[in-house]
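The next part holds the structures, each set out as structure tokens.
Shared between the two complexes below is chain A, which pairs with chain B and chain C, respectively.
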Partner chain A sequence: MKPLKRYFPIFVLPTLIAFSIAFVIPFIMGLYLSFTEFTTVENATFVGIKNYISAFTDNSDFLNALWFTIGFALVSIITINVFAFILALLLTRKIIGTNLFRTVFFMPNLIGGIVLGYIWQLIINGVLQPFGYAITSDERFGFWGLIVLMNWQMIGYIMIIYIAGLTSVPTDILEAAKVDGAGVFTTLFRITIPSVMPSITICLFLTITNSFKMFDQNLALTAGAPSGRTKMLALDIYETFYGRVGYEGVGQAKAVIFFLIVAAIALTQLILTRRKEVEQ
Partner chain B sequence: MKTKFTAFLLAAALIFSCFSLAGCTSKKNAALVYFLNFKPESAAVYEELADKYEAETGVKVKVVTAAANTYEQTLKSEIAKSNPPTIFQVNGPIGYDNWDDYCLNIKDSKLYSYLTDKSLAIHDDGGVYAIPYVVEGYGIIYNNAIMKRYFALPDKKTSFTDMSEIKNFRDLKAVVEDMTAHKKALAIEGVFASTSLSAGEDWRWQTHLLNVPIYYEISQKHKEGDPTLALLDADEITLKYSENYRKIFDLYLNNSITPKNLLGSKSVADSMAEFALGKVAMVQNGNWSWSQISGVKGNTVTAEDIKMLPIYTDIDGEESQGVCVGTENYLAINKNATAEQQKASLAFLEWLFSSDIGKKYVTEKLGFITPFNTFSENETPSDPLAREITRYMKDENLKIIPWVFNAFPGEAFKKATGDALLDYAQGKKEWDKVKDDIVKAWKSERD
Partner chain C sequence: MIRKHLSHGIIFAILLFLSVVFLLPILIIIINSLKFKFSITEAPFALPNSETFSGFENYISGFTQTGFGTAFFWSLFITVFSVAAIVIFTSMTAWYIVRAKTLLTTVLYYALVFSMIVPFQMVMFTMSKVANILMLDNPVGIILIYLGFGAGLATFMFSGFVKSVPKTIEEAATIDGCNTLQTYFLVVFPVLKPTTVTVAILNTMWIWNDYLLPYLIIGNDYKTIPVAVQYLKGGYGSVDMGALMAMLVLSIIPVIIFYLTSQKYIIKGVAAGAVKG
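Then we have the complex of A and B:
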């Protein structure tokens, strides 16, 4: 008997059961509930695709949140990856205290989103107050506040992945490039970046999904103010579900659409960047 | 083969232990009465009450408290479990609409017979499904010490000498604006505490303040019958008294301790602290905020100086208007619980609101003004705000404004209103647009 089969019960089964209870079953139930009207999961009645129609036609909240989220995701994906990569490049050089710096940059990632949101709300309100503004005064403050917050939280984590990628770039190729007289930028774009493509794939995937799914930071920092103009998809779903009587099904339908969007974007990105990965 | 067997056994043991552990704990907690509490501030008192009740009757009462603002979420998940709450709370007719599948008809219960005013309960098709257990009130709370300082000013522009002379919006406005002019002499930083408009902190304006103009609108349209029920059926509102709503809101904004643009960063706790520290003279809030005022460190307001004024909005005949009194705390019994559990749950509530120990806890520790006839005259809470509410309720010359906001169309409507008010305060929206937003939000939520 193959070892894989023999150890299946002890190594895979517990995880599989946990995964089913915590993910697969709720997911299937959620899918079903998006086609029903319900208060609790027990008293659902089937209504067809009515919820999906309401999600788009009742008001423009969902579409607004979608555009805001896409804008946010675009900016934060670029800034996070660029900054994280630059930091990783700096911290893989032989500078004194790189370990200390790596730790410091990684630390914000250990703090929960809600806490970070409130901390940054205090900071941003404190900065804006002398000018007679609060973070709710204009949606642009909220937007850039969210970008700063997300960058602050994610850069350290993404940086660690890039560092791992950079340290595994084969030194013989780098030395060969140096001997051939390649400049710093040629080396960076022709050798370093193609060699860390697997890391880039992972980092892009993480930043895309995290930017789309962002919830607690959004709730704590602005909660959508002013007038829901800084509301992201996850928050809109939450508010639809809990904020209106009889809208649980619509919230559920929005969540399913949300899942499809995130899955489609993330999968496309995976396929695209995988192609660029080089075999070593 | 042997290894495979061991592996299976291990896995089975692992899984089984999880289940048996869960089974074990749930058995231990199998209490007859499970009360899902709405008020986090009273959590400890209810735990104590449960112990007292168990000691007295031997019936175990399980009390679970939902964190602030998460009652609906908690109830939604708790009620789908195998040991659901037997007593839960709905927040009025709208809340009942959502939970009617779970509410037991308690028309024949003793608890219902205790109600002084039977119309307060939630009726549906001849049955009684939820019973209020606490009456609360709100208005403009003021610090009489500061007011006395103002009335003693030699160069004040108004001729009033006592707060009892303030009977309408015009007088209130004259006094407030003159006080703002004399801020330095009065040693205050503003007349009104911050009009807190940050997310989740705007209910004093989008719900409580809006209650006044909406009440006048609906009670004029339907002269007979219960205004809350009439409002529940209203598919549309016109916000006829929108100018009155604006007048009082402007008064709050223009005489506030905080510049308008910064109100989006303020919370209710901020404004209660400003009041407690004597930085401002007035704040709109209800009797529940007493614990917040008395709990602020270094507070300078004494209990005798805390009084309440009705919310005047420049409506004709408002001289005879009182504060806003009502309830959004209704208890319901879970229809799907076993008959034994339902009986025990009602018994517990009846004990709570009619036995001597229960009543003592209710008035002294929970500080509730109850709508039950089992409580005598002297069994009312002693905090200054509760006393003010009781005073207004007893004054026969004044007309109480009921809480018609129980019939507002739900959170989404309130949120839209709050958003519009924030935009208005920040100068991003004209009042006409605010009025429009409120009217539209009502219509779309009622569709």
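Then we have the complex of A and C:
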């Protein structure tokens, strides 16, 4: 292994330098700055946990964004996974045109969040217009607008993963169940779903983190309107940083809380579903 | 048999209907991009008629308002070189990590894995500052930022695959007189191709559509397509809906061409990426 060491600068150093500049240093600085007051990084003064208290007590924006994000995540996780799973079931039945359908359902996933936001803004405003509303009239419009948008974007992606899972379910088990007289739903809940548990883990993980971290779509579709009530966590943090001078420290504290929430969800979810897989 | 045909027929009909629903939003944008700007907000679902049809007027005004040509160039430039950098450097790093197994590489590996669960907002402000201080706030510098921020997932995926590559082929190459670099690029790297494709596709989709990072780091001087679209809408004064529609269509076209030409790899890549990620 000795000669390998000489190659460290070529093989590892470029990634290490880029990773340090883009992630390690900003991450550590971010942690430290969340305990300080600053406008530029150079003038930071230590203030303890003041920013963390301010995040919750200065105004209700952050808590609102937190509840809005949790509600959004719950609804979108359920709808996306259910629809994607049903589509995957339909597309694994050897129907004519399966490939074409798959192509169509997946396509929206490649469109960027900003563009998606404006597409749906036009459509939702067009639907609401005859009733004298716009998407910014009521927070419920924004909420369901985001749900529809997220479903349109993510269903195809999640569907692909479920298809991959479903095609690897051994057919002899399915046939055996049929011979034993198992009905459609018994087969689905007793055989199909347990055998695609690994795919379900991945899909839940992907939808939950994507829902929590959503920013571009939120910015383009409603930008938080009306009066910030459709702001999700990422957008609220962004506006705290760049919206008001003097609130950078609070923004950074919110970002740390956001990071802890996302990390906690990701880890719990992984541990829980991994355990389920083992039980099978 | 008849029942089976019938149920297949019903499923086909449902899927066909859903396909139309899925395509409709894109169709609506295309239709509206060909109408005069005032008739867009008045009746977004109406087809253009002789009065509202504007030809390519919106495309011309959108192009000039956003500098779409330049934005396209920067998007392409940044995406191609960032993805190339990510694929080459992180695959090398992953191989080294798996083969060398020193304390430093193990720490680096776990730090990279850790970075995958950290949301961008956590490092958004400080990263922009660091990029600014190190003068990386230009289209070349941002490539280094993308390499650093994309390194987590890419290294993780590559190292998963490297573990399954038998050491014997590397040893054979060494006996044949290859040095470590030659062994890596002539023997190991070609074997990694499936993961390379997956990593390239996932990162292309991310970087091409990314908004906040390029906006914060280079947004004032160099606009990528998402930044240009947002600039059109986010600017002060009334929004030119016609130009916006045309720009939405223009931003989607390259993506769809890319998708239709390399669909097979994209779908495979996404499925493989998800299984490992």
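The rule is short, and it goes like this: the second predicted complex is superposed on the first by the 254 of 280 C-alpha atoms of A that agree within 3 Å, B and C clash if a C-alpha of one lies under 4 Å from a C-alpha of the other, contacts with A are read in each partner's own complex, and residues count from 1 in each chain.
The rule is short, and it goes like this: a residue touches a chain if its C-beta (ideal position, glycine included) is under 8 Å from a C-beta of that chain, and two chains touch if they have at least 3 such contacts.
Note that the structure is a prediction, hence the values are computed from the model and not measured.
Asks: Answer with first, second, both or neither: which of chain B and chain C does A:Y133 touch in the superposed model?
Replies: first
Asks: Comparing chain B against chain C, which has contacts with more of the residues in chain A?
Replies: Counted on chain A, the partner with more touching residues turns out to be C.
Asks: Would you check which partner chain A:V245 touches, where first means chain B only, second means chain C only, and both and neither mean what they say?
Replies: Only chain B is touched by A:V245; chain C is not.
Asks: Check the residue A:N125 against both partner chains and state whether it touches chain B (first), chain C (second), both, or neither.
Replies: In the superposition, A:N125 contacts both chain B and chain C.
Asks: State whether A:V179 touches chain B only (first), chain C only (second), both chains, or neither.
Replies: neither
Asks: After lining up the shared chain so the two structures overlap, which partner does A:P14 touch, if you call chain B first and chain C second: first, second, both or neither?
Replies: Both partners, chain B and chain C.
Asks: Mind working out whether A:L33 is in touch with chain B, chain C, both or neither, as first, second, both or neither?
Replies: In the superposition, A:L33 touches chain C alone.
Asks: Of the partners chain B and chain C, which touch A:T222 in the superposed model: first, second, both, neither?
Replies: Once the two structures are laid over each other on A, A:T222 reaches chain B alone.
Asks: For chain A, give the residues common to its interface with chain B and its interface with chain C.
Replies: After superposing on chain A, chain A residues 1, 6-7, 10, 14, 17, 40-41, 125, 129 contact both chain B and chain C.
Asks: Could you list, by residue number, the parts of chain C that touch chain A in their complex?
Replies: Residues of chain C touching chain A: 8, 11-12, 14-16, 18-19, 22-23, 25-26, 28-29, 32, 40-41, 43-45, 85, 89-90, 92-93, 95-97, 99-100, 105, 108, 111-112, 115, 117-127, 129-131, 134, 136, 144-149, 151-152, 155, 180-181, 184, 205, 208-212, 225-226, 229-230, 233, 241, 244-245, 248, 251-252, 255-256, 258-260, 263, 266-267, 270-271, 274-275, 277.
Asks: Residues of chain B touching chain A in their complex?
Replies: Contacts found on chain B: 3-4, 7-8, 10-11, 14-15, 72-73, 76, 79-80, 94, 97-99, 101, 197-200, 259, 261-265, 410-412, 415, 419-420, 422-423, 426, 428, 444-445.
Asks: Tell me, which parts of chain A touch chain C in their complex?
Replies: Of all residues in chain A, those touching chain C are 1, 3-8, 10-12, 14-27, 29-30, 33, 40-41, 87, 90-91, 93, 95-97, 100-115, 118-120, 122-123, 125-126, 129, 152, 156-157, 160-161, 163-164, 198, 202-203, 206, 209, 212-213, 215-216, 219-220, 233-234, 237-238, 241, 248, 251-252, 255-256, 258-259, 262-263, 266-267.
Asks: Over in the complex, which chain A residues touch chain B? Could you list them?
Replies: Spelled out, the residues of chain A in touch with chain B are 1, 6-7, 9-10, 13-14, 17, 39-43, 58-59, 121, 125, 129, 132-137, 222-228, 239, 242-247.
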